[in-house]
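Two complexes come next, and they have one chain in common, chain A, joined by chain B in the first and chain C in the second.
And now, the complex of A and B:
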C-alpha cells in the first residue's frame, strides 16, 4: 500500500516546497543555476571586453594568444572543455599559489564552475564584442581622438557605449547559453537545477512531473531575460532613429 | 620655404599657432605629401584648395596626428611634436595635449550619436579638460545659442538636419576653446540649401579673428574669408599667396585650369 501511495502522490505534493515535496530542492538548484550563470556571464563579459580590444588594438603576440584561445574554445565541445577545465583550472591555480609561496587550496565547486563556464563564455563574448566594436562608425572614434581624449577614455565614453547597441542581440544569446550551460556542470556533480531535477525524479520516479517543472523554470528564465534585454537594447539604442516600416 | 600667412594685414608679430615644415606622408608605396610647409599665426585664415586626391585632407589630418607623418615637423603653439622614426608621436600625452587646443570639424560631422547635442558639447570640457559641469553647460548653451541650436540641445544628432549637425559639430569644437580650428570640407556632405547656414557660422568665426585652416571646395567663400590661400597639386604646394592674387591673378597654369574647371 505504502509504495503505491507514494507513487500516486499528486504533482502538487511532489512539488511542495518542504519535504517530502521536492520543490525546495528544485528552487535551490535554480538559485545555484542563476548564481553560476550570472557569475560566468560577468566573468565572460570582462574577458570579452579585454579580448575584443586586445584582438583589435593589441600587439601581435596578444592577438595570436587571443586567436588561439577563441579558436580552441569555440572548436571543442563545451562538455569536453568543462571536464578538461574542471580538472585543470584548480591544479593551475594551485601551481600559481604554490609558486607564489602560498598554501594549496581546495576550490569550492561554485567558484570552479563559474571560472570554467566564464572562460568558455569569454571566448564567445570576445567575438561578439569584437564585431560590435568594428561596427562603430570610425568617424566618431576619430572625433574623440581629435579632441585629445586618451585611448582609455575614448573606449569608456565613446566606443563601449556605441558598440553596446550592436552587441546586445549577441550578448542576449550568450546569456541564454550561460543559463543552459550551467546544466553541463551536473556532470561534475554540481547541484544546479538539472542535477536537482534528476535527484528528485530518480527518487520519486515522477520523471515527467519534475522534468516538466524544470522546463517551466528554464522557460521562465528565458522569457524574463528576453524582456530585460529588450529594455537594455532600447536604452542602448538611445539616439538612434527608429526605422519606419 | 615657409610662408607666413596674412601678409600685409599684421601689425606687429602675432604668436604662431600652427607650423608645418617639410611634411611628407606616404601610404605604403604612394607618396601623398611630398614636402609641404605652412605657418598659421593667430588670426590667420588659411584656405587649402586643390583637386581630389591632392592631399588636402591628409595634410590637415597630419597636423593633429590623425595620420602619422612620414617625415617633417609639426609645431603646435610653438611646441614641436616629438616624433618616433616612424612618424608616430613619441609622447602620447604631448599630442593629446596639443589636440585639446585644436578644434577639428569633419566633413561627416561625426557627432557622438549616443549623446544629446548638449552632451556632445560638454563631453570633452568635463571629462578631459576638467571644467566644472555647470560651467561647461553654461558655455555650451551660449555656443549653441550662437549657432542657432539652443532649442535642439536635448535632441540626439540623428534627429537634426545635416546643416544643424554640422553647426553643432562646430559648436562642439568651439567648446574646448581651441587656439586654432581645422575644417575638412565642412559643407561637402550637405544638401546645397544647407551650405549657407554653415558657411555663415564659419564666416563669423573668421570675422572674430579665429585662427583656422580650412580645406574647402567653396572657392567664393575661400576668397571671402581667408587671408592666405594654398593650392595643393599632387602633394606639393603649387601656388600660394593672398586670395586676391591666387584667385585674381593665378600664375601657375595648373591653378588656372583648376579654377576654370570649377567655373
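And now, the complex of A and C:
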C-alpha cells in the first residue's frame, strides 16, 4: 500500500513547506527540538557546575546526596526517568500549590520537557565537570589561595577558565546526547522533530521520505555542532602547549 | 574483592560514618513507606507476574544478543577505518557518523515502519521462508539496536586498533607472519584487550536503550509496565517498580563485569 501513496506524490511535493507538503511541520518540529535541547543543556550545565563543586568541596551530606542523584540517573533509562518526572514533578508542584491554597496549574509541555531532560543532563554534566575540575593542576588553586582569593573568586578566575578546555570534549558529547534525547519526548507525545516526522509519515505512508529527511536534519545538527565544538575547544586551549604524542 | 580482611573492615567503618547511618535510616524509612503506603496489589496478580518475568527476560535477552552482534560487527568496521583501503574506510566512517548523529528512536522507526511497509509489497519476500519472521517486531528491534552498538563501538574499535603499538605489528611482520595471522594473533587480541574496560559501561548504556523497542510493540519490561498502568489506572507504583528493576539490572551488570575484570590478565603490551 505504501508505494502507491508514495508514488502519488514526489518526495519534493511531500516535503514542500506549505500545507499540502509536510516540510513546514518538520521544520517546526526541528525548532521545538532545538529549543528543548538548548534549554535542557543550559539547565544541565547549571546543575552540573553546582553538582561538580558540591561533589568536590561540599560537606559529607551534600556529597552523598549528589552521589545518589548521579548514580540513580545514570542507572535508570532516560525514557523511564522522563516518564517518572513527567508525572511526578507536575503532581508534586500541584500538591504544594493546593497545600498553599492556590489553584491547580497545568505546566506547559515545553517547560516540563526542558526540566525533565535538564535533570537527566545535570547528572552527566556533574560527572564531566567534576573530572575536568580535578584535572586542574592543584598548584594553580593553591597559588590562588596564597594570593588571598576567596573561594568564589578562585572558582571564577582560576578553576572555571582552566577546566573549560578539559571539559569541552565531554560537554560536546553531552550536547549531542541532548539533541538526540529530545527524540524521547516523542514517546510522551511532545511534538518535536521525531513526533512530527512520525505524524507526517503515518499520514502520507511515505515512511522513507520523511524518516530520511528527519535523519538528515539530525545529522546536520550533529555535524555542525561537532565543527562548532572543535572551534570552541581550539579557543579554550589557546596559549596551551600542544601535546605531542 | 581479594582485599585482606582488616582492610575490608576498615572500609566498612569508613563507609558507615554517623551521617551515613542517618541517611541510610531515612532511605530505609522511605522504602518502607513506599512498600506499605502505596498500592502494590497488582503485583499479586498471577497474570501480571508472568508478564513481568517474561518482560524482564526479554529485556536481558535483547541487551545481550544485540551487544554480541554489535561488537562482532564493530570489529570489521573499526578495522576498515583504522587500516582499510579508502573504499572500505569511507563507508565505515559514514556508517558510524550516521548512527552516532541520529537518535536511536529514529533509526528504529525507519527500520520498522519503513522496511516494514516496504516488505509486504515485494512478492518474493512475502513468499520466502523468512516472511513469518519479518512480520514480527523483534527482528527489527534486534537489528536496529545491534547496528547502534556497531556504530558506537566501531568508533571505539578504530581507536583501539590504532592504539596498538606499531612495533608489535612490525615484529610480527619480521617474524614472517602472513598479514591475516598477524591480525588474528597480534593485532586483534591487543585491540580487544584495550576495549574490554569500556564494555561494562557500554552494556549498561545498551540496557538503557532497550525500552525504546517498546514503541514498536516488543513486550519487554517497559512495555509490560506500560500495559499494567493502562489496565489498572495506577500511575506511580509500576513506574517505581520499573526504575527499581532497571537499577537491579544495572547493578547486576556492574557486579558481573567487576568479577570478570578481576579474572582478566592485566598485562598490556
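We adopt the following convention: the second predicted complex is superposed on the first by the 226 of 245 C-alpha atoms of A that agree within 3 Å, B and C clash if a C-alpha of one lies under 4 Å from a C-alpha of the other, contacts with A are read in each partner's own complex, and residues count from 1 in each chain.
As a convention for this text, contacts are C-beta pairs under 8 Å (C-beta built on N, C-alpha and C of every residue); 3 or more make two chains touch, one makes a residue touch a chain.
None of the values given here were measured: they were computed from a predicted structure.
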| item | value |
| --- | --- |
| First (chain B), second (chain C), both or neither touched by A:98 | neither |
| Chain B versus chain C as contact partner of A:219, first or second or both or neither | second |
| Chain B versus chain C as contact partner of A:207, first or second or both or neither | second |
| Partner chain(s) touched by A:158 [first = chain B, second = chain C, both, neither] | first |
| Chain B versus chain C as contact partner of A:145, first or second or both or neither | first |
| First (chain B), second (chain C), both or neither touched by A:135 | neither |
| First, second, both or neither for A:76, with chain B first and chain C second | second |
| Partner contacting more residues of chain A (chain B vs chain C) | C |
| Footprint of chain A on chain C - complex, ascending | 17, 19-20, 23, 97-98, 100-107, 109-110, 113-114, 117-118, 120-121, 204, 207-212, 215, 222, 235-236, 239-240, 242-243, 246-247, 250-251 |
| Residues on chain A engaged by chain B in the complex (per definition of touch) | 137, 139-140, 142-150, 153, 157-158, 161-162, 165, 238-241 |
| Chain A to chain C touching residues, read off their complex | 1-3, 60-61, 64-65, 72, 74-81, 83-84, 87-88, 176, 180-184, 186-187, 194, 197-198, 201-202, 205, 207-208, 211-212, 214-215, 218-219, 221-223 |
| Of all residues in chain B, those that touch chain A in their complex | 64, 66, 92, 96-100, 102-104, 106, 108-116, 123-124, 127-128, 156-159, 173, 176 |
